[in-house]
Amino acid sequence: MGLLSWLIFIPFFTALAVILTPQPKQIKWVALIGSGIHLLLTAYTAIKLWGVISQETFTADVFAKLYFTEQYDWFKSLGIQYMLGVDGMSMAMVILTSIIIFTGVLASWHVTERPKEFFALLLVLVTGVFGVFLSFDLFLFFMFYEVAVLPMYLLIGVWGTGPKEYSAMKLTLMLMVGSAFILVGLFALYHTSGQGTGVYSFNLNTLASFEYPKSMQAWVFPMIFIGFGILGALYPFHTWSPDGHASAPTAVSMLHAGVLMKLGGYGALRIAVYLLPDGAKEWALFFMGLTTINILYGSFGAIKQKDLKYFTAYSSVSHCGIVLFGVATLNFMGVKGAVLQMFSHGVMTGLFFALIGMVYGRTHTRMIPEMGGLAKVMPWLAVCFYVAGMASLGLPGFSGFIAESHVFIGGFFGNAWNSSVAMQVMTVLATMSIVVTAVYVLRGLGKVFLGPITDSHYLSLTDAGFTEKLTTGILIAVLFLVGVFPQFLIKLIEGSVLPILNRLR
Amino acid sequence: MHDMIAYAWLIPAFPFISFLLIGLGVRLYSQKLAGIIATLSIGASFACALTLAITYFGLAPDAEGLRPTLVPWSFIWVDYMEGLRVNLGILVDPISVLLMVVVTTVSLLVHLYSMGYMKGETGYGRYFTWLNLFTFSMLGLVVAPNIIQTYVFWELVGASSFLLIGYYYERGAAVAASKKAFIVTRFADLGFLLGIILLGYVGYPLYQGSGVEGQLFDYTYLTNPQNITALVGTGFLGISLLLIYMGAAGKSAMFPLHIWLPDAMEGPTPVSALIHAATMVVAGVYLVARLFPLFSTTPDVLEFVSYVGLFTCAFAAIIACTQDDIKRVLAFSTLSQLGYMMFALGLASMDQPLGYVASMFHLFTHAFFKALLFLGAGAIIHAVHSNDIWHMGGLKKLMPVTHLTFLIAVLAISGIWPFAGFFSKDEILLAALQGGKNIHFIGGLLVAGLTAFYMARIYFLSFWGSPRSKGSSHAHEAPLIMLIPLCVLAVLSLVGGWVPFSDYVTIGLTEHQGGHGSSIVPILGSLVAILGLGFSWFVYGRGESARSDAIAAKWGMVFGWIKNKFYMDEVYQFITHQMIFRFVATPIAWFDRNVVDGAVNLTGWLTRRASSIFTLIQTGQAQTYGVWFVVGTGVTLIMLWFTKG
Amino acid sequence: MNLYHFIIFSLFLFSVGIYGVLTRRSAVGILIAIELMLNAGAINLAVFNRYLAPDKVDGQIMALFVMAVAAAEVLVGMAILIMLFRRKKSVDIGQLDILRH
Amino acid sequence: MSMLPEIIIILFAFLIIALDLIFLDKAKNYLVPVTVVGILAACAVLIFNNSDTLMLGGRFVSGAMHLWLKVTFLIATLLVVILVPESTSENLKNRLSSVGEFLTILLFTLAGMMYLVSCQDLVTLYVSLELATIPLMVLSSWNRDDQGGEGAIKYLVIGALASAFLLYGFGLIYALSGELSIPAIMPQLTEGSPALYLAAALITAGIGFKLTLFPFHMWAPDAYQGAPILVTAYLSGASKAAGLVVALQIFYRLFGHFIVDWAPFVAVLATLTMTLGNVVAVLQENLKRFMAFSAISQAGYIILGFLGNTGADISAMIFYMLVYVFTNLAVFTVLIVHVQQTGKETIQSLRGMSRLNPGLALILMIGLFGLAGIPPLAGFIGKFFLFNVAAKSGYYWLVVLAVLNSTVSLYYYLRLVRQMYIEVPAEGDKPLKIKPLTMLGLGFVTVGMLGLGLIPYFYEQIGRDAAQWLAF
């Protein structure tokens, strides 16, 4: 079991450990220790990778340079291997997921109903996510991708609130439809390259070595991009996200909005753009337009939301739009910005949903009009909410600004294949979202936290406990660190983004 | 002494360290200690700023009399592309040193003053944390060596002003005001960001070819002549500068974007003194000054800047005459003075830089006497417990020191001879005259008169006559800690004018500085000022308010319009709430819930509908199954036959 | 009497059988019709063996097996019918439609 | 003597009937163990001395490929036999009567299926097919109630129709080729004459009946619902596998030359079967009828394999069939235990099972996810390879349709999971008691569901054997 296999399967073993622990009280501690160990291992891997990457220069190569690879044959006759590897981009995503699961476990400290199954399913979900980020064989990638989708139904269905069955079912089915498109795309890639070179394999780099005919790319690229876009809340397919997040329990919506929606962006970049450059060139403008709607639509939609979770869900639809917008710009800054935005938005939404969970735990209502003046009673949560709000509207000093500035400058600089005027117009429209975000963030938070206390019995509410302070503390520290010292993350990501762009030329 | 320039980074560092210290730790233990640490840190950074100023201005100017611009310290912050690297660092040049001194001085005095003013407030520690954060971000903005860092700290300044305006977060009005301030400035910053990106987009191809050391967004690159000529060639420079000016206009509350400043008075008065008088609002002027070499290559943009400045100047002065809340009057007066600075900058050009120098000089002097006015007003409000000037009166005897300092400030702003205002305003008018811009000259004169009028008005109503409310009758002198800053500022307002400004802050051709050239301008200025004061004395000075009501009644309708600030707030309210929220946000929210979501539910419904139809095929009759079986075989036969081809 | 007569005859028998299965109301009638169809198949086999591959006897052997299978088929049918008749006092296949949709 | 396994099964059948007759109810609780011993003996003989032999003058062949298929049937029957004691314990409402005859008939059908695998000529094929079908008609009326009778009658009428069509088809083949042994016929049938197409259509109808393909599946829901749940399990598992074996024998060994250009027809048939099976299953309430439609849709996925004609395609089908039998029996085991002990057959009756006996609920959930094709279960991997076959022959639209279909199937499988995990158990529900033998069966099946997919040995081995069998 190499380093990366450990990274994938520690959560799985923790899940088993959780199932075997006798008393309910110990369960959450076992889960916490498991995710803690995972966080340490991720840090170790990140530093080790950073040591290797900082020496390398990535100017010319056309294939993703992978490190700490593990490669064993699985179904030899079909060219399927158990192949793991890591490069800058996937390392960033693994760091994000590890942080989110650690804080997710902390945030669900007060789950009392069937904690054993809850934590086990949560950890299985994360195993799937880690698997996706670390596997470079498309069959394995697809397998972990679907493993990540499934526990979601039970987590929302059993522990959710409101119309939980409906939203759990809608979410699971829409994501499965997404995987339908991806599967067809994979088969198209596999068979075209197989017939072309005679070598049938699902390995990402061998698939990348084949020059796919333009006609095939023209229909396979949108198929895969939309398949991943459905998970990444691409415009017309985003409707599962508000319902899904509103009904999901805290830790699940943290993981879901924070990490699972990034699978969409990651997959679109890693598979669609990397393997099908000509398709990407052809469709970039179309998807850029779609994501511009995505950004503005999400932010405008959030203004009038009454429920705090719908409010955050629409905001994450808008921010995920920025991720896909960055991918669609097809230039160095835009794509790098997309990956940065994945990381920063992951942490931000994780923080948002954790806080909403804490507020909901106290006031037992998520309706914004019903709450008011809570800052007097819970100052720590109010400050953290405002930090999350400021980070999400792109205040410099937090990671949001770094990512958004990358994407918007990248969008404005345009690329060599699409009309730069159209891209610039769309970028200007997308940049307007920073104002609309400011409007809805301040309106929403102002109504909930500031002003006089509306309901007398809110006076007796308590401020954040230790675990809550720890959760919010960690997430805010990450937001702040990436915001003020982004070079570590940028250098980590640049190495992995360059090959994708070199292939475009 | 030289190493002070190398250690210039200490100036912003002190407030930042104390912000973190107090914010995370100290304020939870003892509020008082937090106040002390905050003030000490600003004191330290003030000392550094002063020594820096001395050492910097000690250096000999180069051949044409221009001071060197140095970037003593910077570190790599974000690496966008190989040609587009953004550093965070310190830039030392005349106007940045000037601003550093002004910001640290006023901030120190406001900190001292606040220790008295905010005593007993629940959020005492929180107040000082945000004040330190503000000072740090303002200093960061001032010392920015490149335009991206300016934008970064620009936003941080906006955020900290949002926090400070919303300090009394229990009051709905304060929350609304802070939200309005942030959103309006944020809207302006959108323009600023787009301007930067356009500038980058236009400049990048040129920069890449030239192989110049230093980065594209650095001011050193943007302001040296041959780069400018290359940039002018692209044709987009005008639009990007206009967009950048939009950001500046937002922050310095120029005409269309001014609505947030009067409402920002909801914050505590020392905050208004620091932020909405001396420091933040001048950030816009500073930005235009910083990019002045670029602006000067596009005269039509400068023209636009000057006319917007002039209009704001007049517009605000007129409204100031009708306001009842003392802080609103001062806010509109700030708007008007900012208008002065902006149109002075608009007049200038590289070969006639007098406007530029005058604007900077006015910024320097205005910071002191406007801060003094606000702090004085603060002392009065603290004593009378009401902002309304009609509740004050007769404070001359009850608050002697405040009265004296307030009087000095009123005279200074009106432009009376020995005080600072006279020199800087006179220089602006001189620049207007020399530049041949007669409209600006006449406008400036009229506004000077109006300024004198409304300033004298609040002076007479608050200090002369008899106390008109219970509060003002029991008013007692402000505590010592609040009086010291008042006296210091009063001295500065007095001395500020005499500083030989032109040989410190210069730009372009220096021989046209002409300290006090033709003499008619000062005479005219003083005359208009005295006229304003006299008229105000005539209306308000003599104790009986019947006269002012008579005037108000005569121009009822016009007076009402002006008093309600020409209904600009209501227009904005209409645009945002009725137009945007009702016709855009709600339809989108509805559209998403019903149409897009509906489509998804439709597919679910269709499947169930199809299911209920298909189940009917299973009729239960064995023989119908048999029919399906036989017909099926037939169809299979036909299909196999067709696949034969 | 050559091959074609037999083919036509077995085809005729087969189609009558199908018609019988699909239209007879009584289950016993259906079983008879099934018997007809199976025998048509057996005839086919015997005739093809006689006319097309005279030297071998596979066809006829298969015909024998077919008869055995047909017998088994109808036997089971009758058993189930009797069980049903005892309960429902009728062999009308149309009434047997509890299990539907 | 490679026909030993079949002979052992038949001997044990007679042994069981003899024991039952002689010892009457004294031997009641020995019958099941004896059957299990018999099946295990056959299995042992089959696995250990398997050799490529030809017997009975070329009418019986056995080789590596046949091992896999026969093992599938043996295991399917073994798992059903293990569950017989569940259905015969005293306190049950609808107890399974006369266990002796039940087991004997079961063994006869097993023998029939095993002969089906290794038959080489049309006579043996036809007889063993009928041997594998007619006893099931008897079994499906075992409850001796109205529903059982009605289901059996429909099964019989359509079954007889199908066997007549099949027979007529074989007659025409015999006419065209003059031969009855399959390896001899294949070279004869090269050009497409009208008689050949009529024969193909008739035979397809026969196979369609057995595999429950679209126009020929009408009998299945009613027969599955009428039969006791034990027989339903056997019908949907082993009987469908037998259908696949017949289809393989005929389409690859008889009409080998035509399979390529019949691909569009196969695609249409697969689409119709899948879509109908899935769509109708959405609103089903009765568990047995629900599983019937699920089985029909699975048949739709399986015939996707017929779009290709290489060894890999056949191995994909056989692998998926193996996985399907395991997964299906896992689901049915739990359902059998539930239906027998609670007597209720509706989906709602599963309410709150996760709280009453979490282990059973977990295995049922894993089984359902396996049927829906969710990783890491073998169902996913089997479906992936099947879709791979369809994609290889260029039917991308069919792959999209198939995956959308499995998404719909996920919806109705999740309806069961919802009842178990989200709904609260109705008051008065007691946890189900499970016999140790069933526990063993459940363990074996769960390991099978997970192991078959993750361990590559199975798929690779089947792939090699299939290539060798096709050449033969």
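Letters A, B, C and D name the chains as they come in the text, with residue numbers starting at 1 for each one.
Here is the rule we go by: a residue touches a chain if its C-beta (ideal position, glycine included) is under 8 Å from a C-beta of that chain, and two chains touch if they have at least 3 such contacts.
Note that the structure is predicted; figures quoted are calculated from it, not measured.
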Chain pair with the higher count of C-beta pairs in contact (B-D, B-C): B-D
Where chain B and chain C are represented by their mean Cα positions, the distance between them in whole Å: 98
Chain A-chain C separation of Cα centroids, rounded to whole Å: 65
Distance between chain centroids, defined by C-alpha means - chain B, chain D (Å): 78
Cα-centroid distance, chain A relative to chain D, in whole angstrom: 43
Multi-partner residues of chain D (each touching 2 or more other chains): 153-154, 157, 161, 221-222, 411
Junction residues of chain C - those touching two or more other chains: 18, 21, 93, 96-100
Sites on chain B at which at least two other chains make contact: 615, 618, 620, 622-623, 626, 630
Each pair of chains that touches, named by its two labels: A-B, A-D, B-C, B-D, C-D
List of chain B residues in touch with chain D within their complex: 607-608, 610-612, 614-615, 617-618, 620, 622-626, 628-637, 639-641, 643-644
In the complex, chain D residues that touch chain A: 312, 369, 374-376, 380, 384-385, 387-388, 391-392, 396, 399-400, 403-404, 406-407, 410-411, 414, 417-418, 421-422, 456, 459-460, 463
Residue numbers on chain A that touch chain B, as the complex places them: 170, 173-174, 236, 238-240, 242-243, 297, 300-301, 303-305, 314, 332-333, 373, 375-376, 390, 393, 395-397, 401-402, 405-406, 408-409, 412-413, 424, 427-428, 431-432, 434-435, 438-439, 442-443, 446, 449-452, 486-487, 490-491, 494
Chain C-facing residues of chain D, complex: 121-123, 126-127, 130, 134, 137-138, 141, 144-147, 149-154, 156-157, 159-161, 163-164, 167-168, 170-172, 174-175, 178-180, 221-222, 225-226, 289
Chain A - residues contacting chain D, complex: 73-78, 139, 142-144, 146-147, 150, 153-154, 157-158, 164-165, 169, 172-173, 176-177, 179-181, 183-184, 187-188, 190-191
